[in-house]
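Order of writing sets the chain letters: A, B and C. Residues in each chain are counted from 1.
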């Protein structure tokens, strides 16, 4: 059984540095066995934001790349701020995709985030999920995801 | 005191089969005493989605019908995947309505879901709620709702 | 150390009466040590809603005023319905801003709510946060925020 850290290396992924909040709040807050992660946007390892609306300027594939970037930022918080060894599982993911009003393939966009969590974390990466298309996201990011995690007892 | 199953029959309602996720995720995840249900969309018992934007093509009444359909899918998960006898209460509902930018009667739409939970479950069906109008939902569904439930200890 | 009530007075703030839900739901629901607060909109002490879309009719400053109003309503529930002395901390805030499709300074809007929580509650007011721009909110409110709180054991 590989650890998530080993899996990240095997997959050839590079995590961005643990993202700093874009406002007056914490990257994550622990309450009992739950951890609430702040919304993570589609920002790459160099700090560049994948901007734009999916279905109006951005293709489905670009939206999927944005979902993967947002997930990598969430993984960075898990690794650098919490520690994978303390995490029992991902409980819930809420995915917000900045879309054109007539773009509805939101699940296909967010599957790239869900897939990545499953690849890196295995069964504990499986989660409940809600998926929504919104008119605007912070800094014109294409995707924002937030997570609820469960810690090991 | 009727059980929720008996109440569903008395109300003449038919639950759709427990919905399959539209992506790579679980219908619900249990963490401690809480259950996080994935977003449920306005899909009828035959699998047909009530599509469109409320206030632009769909009327308020059609939006309310969509909210009821989404609630019936959530009830199906409660019955078929969790079991009503294990559920202490609905804690929180988040309702997303696919709206025209100038349609703001979102609470009136979602009341039909809240009403249905109260009718079927009684007092344990009462919940905290947030209501939002969004530009796009998965598969062009008119309504999506997600729930947090509490299990009996 | 001032209590939140004393701090509210020191800051010259007036809390609106504990808001009544705009639909068939509860202002907040307790589950274990967590409290889920229903979405609070930008309504002032006289009951008047700060309406409109930020970036299309409303300025950034007006959006920030709306965020502060929504936060004051949440503080009113904490004071009048729960009691500050029972609250350990704010765990999570989700902020929905009714925006024009090209307005992306959503964190700057919501910082005014986060700031107010920190001013009134101190360290326990710090929280995880997600920020989203949506096409429509109930009653045409400019801002809606929801909170998850942790109670003292």
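Here, contacts are C-beta pairs under 8 Å (C-beta built on N, C-alpha and C of every residue); 3 or more make two chains touch, one makes a residue touch a chain.
As the structure is a prediction and not an experimental result, all values here were calculated from the model.
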item	value
Inter-copy rotation, chain A to chain B, in degrees (Cα atoms; steps of 5)	120
Homomeric contact chain B-chain C: same or different residue positions, threshold half	different
CA centroid of chain B to CA centroid of chain C, Å	25
Of all residues in chain C, the ones touching two or more other chains	32, 34, 94, 101, 134-135
For the chain B and chain C complex, residues of the former touching the latter	32-34, 89, 91-94, 97, 99-104, 106-108, 110-111, 114-115, 118, 126-135, 148, 150
Partner chain A, residues of chain B touching it in the complex	21-29, 31-32, 34, 36-39, 53, 94, 96, 101, 134-140, 144, 146
